[in-house]
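Consider the two complexes below, in which chain A is the common component and chain B and chain C are the respective partners.
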Partner chain A sequence: MVAARSFRFRFETFLIYLGLGIFAFVAVTPFLHTIARSFSAEAPILRGEVYIWPVGFSLDAYERLVFGGTFWLAYRNSFIITTSATLVQMLMTILCAYPLSRAYLPGRNFFMTLIVFQMIFPPSLIPFYLTVREVGLIDSWGSLIWPYAINTFNMIVLKSYFQALPKELEESAIIDGANDFRVLLHIMLPLSVPVLLTLTLFYVVANWNLFLPAIFFINDGNKQPLQVILRDMIWSMQLATQTASADDFERLAGMEALKASSVIIAAIPMLIAYPFFQRYFIKGIMLGAIKG
Partner chain B sequence: MSEQRTFTRRQALKLMGVGTLGTYLAACASPAAPAATTDGSGDAEMPAGEKKTISISHIGGGSLEASEKSQRMQLLRANFPDIEIENRWVSYGGYLDKIPVQIASGDLADLQFCNAFNDIPLMMENEIIIETGPLLEEYGQNIVAVTPAKAWDSTIYDGKQYAVTHNIYDLNIWCSQYRGDWLDKLGLGVPETIDEYGEVLRAFSNSDPDGNGKKDTWGRLLYNSVRFDDDFFHAFGVAVGHHLNGFWRERDGQLALDWVQPGMKDALAWMSDVWADGGFHPDSISIPLGQKDNAFHASFAGNVYTSWNSIDFAQDKIRTVDPDAVIVAGPAPAGPGGRGYTGEGWPWCFVIPITAQWPEDCVRIIDWFFTPDIAAQIMCEGVLGVTNKGLNENGWCVEYTPEEKAAMGDEWANKQNEVQDISVFWGLWLTIGTLGGVQPFPTFPPDMKKHFEDMLAAKYSENALAAKDLSQEYLLLTEKARPVAAEKEFWPGLQTRFGEFISQAVAGAIDLDQGWSEWLDFFEKNGGPLITEQVNQI
Partner chain C sequence: MATSAVSKTLQGASGQWKRYLAQLLITVWTHRYLYLMLVLPFIFFIIFRFYPMVGNIIAFKKYQLMHGIWGSPWVGLKHFRSLFDDPAFLRVLRNTLSIAALKLLVTFPAPIVLALFINEIRHMVYKRFVQTIVYVPHFLSWVIYGAILYIMLSPANGLINNVIASLGMEKIAFFQKPILFQPIVIISSLLKETGWAAIIYLATISTIDLTLYEAAIIDGANRWQLMRYVTLPGLAMTIVTLFILQIGFFLNVGFEQIFILQNSMVLTTGDVIETFIYRVGIRQARFDFTTAAGLFNGLVGMVLVLMADRLAKRMDLPGIF
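Here is the complex of A and B:
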């Protein structure tokens, strides 16, 4: 009986690992393929000979990126935008979520209704664009930060988390003479590290991948984030194939590897960030979701 | 008695709540009224001591900074000291996403780059651009003198002209190209007829033209999922139209869409046969734009339909894989419906919005670029003095020949890298284009004209120049001048349905007779007749 159960247990475990292994393979293979392309010579890429291992190993694409024109400028821009926007977003999200998490806030339901309403019915693009233009944010990084200062979903997650914390902790702090800011800073936030880091990760990823707002609001190419520059590179190549300028064609040599290496370099910061956040990510998102 | 707190917890919470509400209300507030605009009927009065400002939106250069460094922008600024040029550079990708928002919000530059087929109908609907006919007559005679009359057709509405300029560089550059060395090995000639063409595709796929003993070659990889393959469609008297934009020609005194002509069914039946025999690469049905030359360059497709001036580059590229490769161009295959290559016409243009304060100066600026002396400085490929030789003693630009570039070796590559950001459309997108695809202006004096003709001849191989002649000889253009109102509602649906139908028909996924009948029915019931009626009313 025990042996049979043990066999069944082991078989089920094997199936679970097999399923997860297949899933991991499917998820990782495109990434390995892109890495392989980025390190391959152009001809094997065009002939479809590159799968998950480089063919005709070459660092040309990375050299061109490193010494090329706007790529590193865009990288720097993305870093600045991501850092600034995430700081603003976390600050605003906390300042919005905490009062809304307190049951004694007068008109709390009214505020929440307003907030949820705009989450369900966000402003359409043209009025949004005109508003950003009228407040003078066009062509400034502010246009990528202030209109996106609070993500409603993230705010609700944080509010739910705050609500779930024991009231007694807050009450004892108040008895000890703490005001609301001290309660927030010294009681609520230290107890909310998992969810705060999770939301930080959400914001960082969203800001790093920022694309359409930059297209709409930023005209100056020197201020564009990385994702826009990457897309421009691909479009330039496609356009050149249509306009067929001879010099453009010469520049296109090696473009396939260049595209792949751009993707890899753009993904590196997120690849580095995830392992550090992973532990908190799972814990934070589960708590926020279940106790909402 | 405890001391009363001056700032209570409750007050702090209220403050936070009110602040949050205020932020949300501010974000949702309606925008301020747009700034007052002129009616575009003429230039405004210029206050004494102030410079006029003209903004120009364009896609030249890899960045604003690169655009500013370009010869074109520097010449422009130097020649118009009384005008403050506001450089509104935008990347091509950015332009595509941004232009609908700009049109809807009216936020256009004084000189706005756009596409006549996609953007101007929206601009006309929103009534945000001004008529340019009288301005061109007075200030744009250099533009008019070098622009083909037909180029203006797409921006005429109610008999009035709405563009300042259209691209005069040639997008009518398409021709069919073959692996000449494969043809020789197989004992085949460059095909003249559609039957010969089919045989060549089959032989390239099935007769091991590269002689490696493997079945790893194909006749052709179709261009962007059957959206760019008009060379053989014309043999049946029809065309799909580049980018699946449709092709209209006169039939019985009326313009009619090729997509619903019997020849289209014949063309699809022919393609389906070739497909069944393996003549087309299987990725043809899903290939994205910009990828189709890859198969040719990688030496596993023997035929491609592409621009004539890519032929030398393609040959060099293929020779990295197959040193014996030779590329030759061929005529459009002849069939029961005739023969032809589709030209893309003159879609790119500049327009002036109603908000422009100085419309006359806008036209003057563009016209100045079209004066022979200025055009002769800027029409060469390359960045002045870096990737071209600069100006000669007459002030005309001079390009390096392919031999000179080859002799430079790494130095040439370094030069290209040095200015790669400026090189994107030479820093300021203009409708003049570059020597690669443009002929010297008819307004050039004879010696200037000869200078550029000689340069063009030295720039390309004999095969490339022969391809150029073929692309012109078999050129066909759609006879529909511009989009019509009904297209906004019906065309996307017709495009999608037709694209779906032809892909399935070619791959043999549907019965052709039944599919054809269903497609005709769909066309009839989904705006096809209304579009046809409006096209004939232009």
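Here is the complex of A and C:
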């Protein structure tokens, strides 16, 4: 009886471990396959011999990308967009969240109602697009920054955090003659470093992965962020391999490995930052969860 | 006598009113810097959130480039009528509802199961390993994930088709078959986002009182019973709250994901409201017609969110706002 039960117990445990193992394997295989391809010679890829380990190890694809130049432009653009957008967004989010966290502020409820209203009834794409055009931001990086200057969800997380800080700190500073700017800068912000860091990372990841806004607002190929450049490269290669004839073979040589290595090069910065992000993101989810 | 009483009351009232006004002005002046902080955010919301909201009126106009949003002539409900007469839009509506329903049925419960399973792992290294792997894809963009899918599912030499071929079956052109588009959308969101979505459930599980487990074990509960009668009820609140939230944002089926995965061959099953608005609206510059579609989408979305919020509050849950 006891033996039977403990067997069942272990068998169930085994099933759970196995199930999770399979899920993790299925989730990670696409990445392993892409990495393997990017380091493989072209012929084995075309013959379908590459699974999750490189066949006929080759660095040709990476060499072509590193010396090609397009990716440096893409990195540079995305780096500039990410840093400037994140700066603007953090500044605007703090400036919006702090006053709204002060319950005594006359007019606060009016402002909050407006914000909740635009949350449940966000502007639809066309009027939004026409607005960005009227403001004259089309084809400039400003179109990726200003229209997205405040993420309402992040703002509300920060506002709740400010609200939860003890009131006495603010009161004593005011009595000592500090104005609200000083209170924010010297008392509230230093106390909010963890949440500020988390929100910064939220913004950084969103900005680095930014794609649709650039599709809407940027036509100039030299100003496109990494994601758009990557997509255009993959698409043109896909098209080239699909419509290729025999005499194109020279031109298409290495296309499959090139596709895979482009993806890997585009993913590398996020993969390097991931262990750091993972920690703070989980904290951030908890912060959001408190508010609901 | 009576008159003087009335005038006294009036005077008192106006005196009170004055005091109140003075108090208000003092508060406003003391906190003038707080208002100063709000100036930039306020301008942002006006220009990029409320001005476009007013711009929705072009759904009722014939948009002319020369006259802009304000000067173009009114046409009443014409665009709405042609919208609901347009077979392409009806198709788009059907696809949106179908993908939304699939996401609710499949991708909503998946993280709950995953969290329950991860919670059962006692081996810490294995636990960290699984968690790390299933969270990663969330951080990569849909462009990258989409490209990886294209590589995996390539008809010529993708991994999946290699396996299919080695099993002696015929290769499948996954991205050219309309019938496969919605399954690809669902499975790819499962693989990319389930791990991440499980975090909130894992966090909730960690707050469940351990004595409940101890009591259940003394009563002879086995592992499944602990999961079924202690952990799952502990998650009930979170599940219901997130379910209601999901209903509120039912129509947000994932613009970026679908835009990236779709192509002209799978539009019959793959075109959704947002991609339709982008393609017909911005690419073909039919601003007025597609604004009608956007306004319709926004109004339905708003009703859903308000209903979900009402529902949550009726159930004593935190609600959306």
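Here, the second predicted complex is superposed on the first by the 229 of 292 C-alpha atoms of A that agree within 3 Å, B and C clash if a C-alpha of one lies under 4 Å from a C-alpha of the other, contacts with A are read in each partner's own complex, and residues count from 1 in each chain.
Keep this in mind: a residue touches a chain if its C-beta (ideal position, glycine included) is under 8 Å from a C-beta of that chain, and two chains touch if they have at least 3 such contacts.
The shown structure was predicted, so the numbers you read here are calculated from the model rather than taken from an experiment.
K.L.:
Looking at the overlay, does A:Phe79 come into contact with chain B only (first), chain C only (second), both, or neither?
P.N.:
Once the two structures are laid over each other on A, A:Phe79 reaches no partner at all.
K.L.:
In the superposed arrangement, does A:Val26 touch chain B (first), chain C (second), both or neither?
P.N.:
second
K.L.:
Once the two complexes are aligned on chain A, which partner has more residues of chain A within touching range, chain B or chain C?
P.N.:
The partner making contact with more of chain A's residues is C.
K.L.:
Determine, under the contact definition given at the top, whether A:Arg133 touches first (chain B), second (chain C), both, or neither.
P.N.:
The answer is first: A:Arg133 touches chain B but not chain C.
K.L.:
If you stack the two complexes on chain A, which partner ends up touching A:Lys259: first (chain B), second (chain C), both, or neither?
P.N.:
In the superposed model, A:Lys259 contacts chain C only, not chain B.
K.L.:
Which holds for A:Asn209: it touches chain B only (first), chain C only (second), both, or neither?
P.N.:
Touch partner of A:Asn209: chain C, not chain B.
K.L.:
Please indicate which partner A:Ala267 is in contact with in the superposed arrangement: first for chain B, second for chain C, both, or neither.
P.N.:
Second partner only, chain C.
K.L.:
Report for A:Ala43: first if it touches chain B alone, second if chain C alone, otherwise both or neither.
P.N.:
It touches chain B, and chain C stays clear.
K.L.:
Name the contact category of A:Asn219: first (chain B only), second (chain C only), both, or neither.
P.N.:
Once the two structures are laid over each other on A, A:Asn219 reaches chain B alone.
K.L.:
Looking at the overlay, does A:Thr70 come into contact with chain B only (first), chain C only (second), both, or neither?
P.N.:
Touch status of A:Thr70: first partner only.
K.L.:
So which positions on chain A get touched by both chain B and chain C?
P.N.:
Residues 46-48, 92, 95-96, 98-100, 102, 104-107, 111, 114-115, 118, 123, 125-127, 129-131, 134, 147, 149-150, 179-181, 212, 215-216, 228, 231, 234, 238, 241, 256, which sit in both footprints.
K.L.:
Would you mind writing out the residues of chain A in touch with chain C in their complex?
P.N.:
By the definition above, chain A touches chain C via 5, 8-9, 12-13, 16-17, 19-21, 23-24, 26-31, 33-34, 37, 45-48, 50-51, 92, 95-96, 98-100, 102, 104-107, 111, 114-116, 118-132, 134-135, 146-147, 149-150, 179-181, 184, 205, 208-209, 211-212, 215-216, 227-228, 230-231, 234, 238, 241, 256, 259-260, 262-263, 266-267, 270-271, 274, 277-278, 282, 285-286, 289, 291-292.
K.L.:
Once bound in the complex, which stretches of chain C touch chain A?
P.N.:
Residues in contact with chain A: 24, 27-28, 31, 33-35, 37-38, 40-42, 44-45, 47-56, 58, 68-69, 114, 117-118, 120-123, 126, 129-130, 132-137, 139-144, 146-152, 156-157, 159, 161-162, 165, 191, 194-195, 199-200, 203-204, 222-224, 241, 255-256, 259-260, 274, 277-278, 281-282, 287, 290-291, 294-295, 297-299, 301-302, 305-306, 317-321.
K.L.:
With touch defined as at the start, can you tell me which chain B residues reach chain A in the complex?
P.N.:
5, 7, 9-10, 12-14, 16-17, 19-21, 23-24, 27-32, 34, 61-67, 88-94, 96-98, 101, 104-105, 107, 169, 171, 173, 289-290, 293-295, 297-300, 306-307, 309-310, 312-313, 317, 320-321, 381-382, 387, 416-417, 420-421, 423-424, 433-434, 436-437, 459
K.L.:
If we count contacts the way the header does, which residues on chain A are in touch with chain B in the complex?
P.N.:
42-43, 46-48, 64, 67-70, 73, 92, 95-96, 98-100, 102, 104-108, 111, 114-115, 118, 123, 125-127, 129-131, 133-134, 147, 149-150, 174, 179-181, 183, 212, 215-216, 219-222, 224, 228, 231-232, 234-239, 241-251, 253, 256
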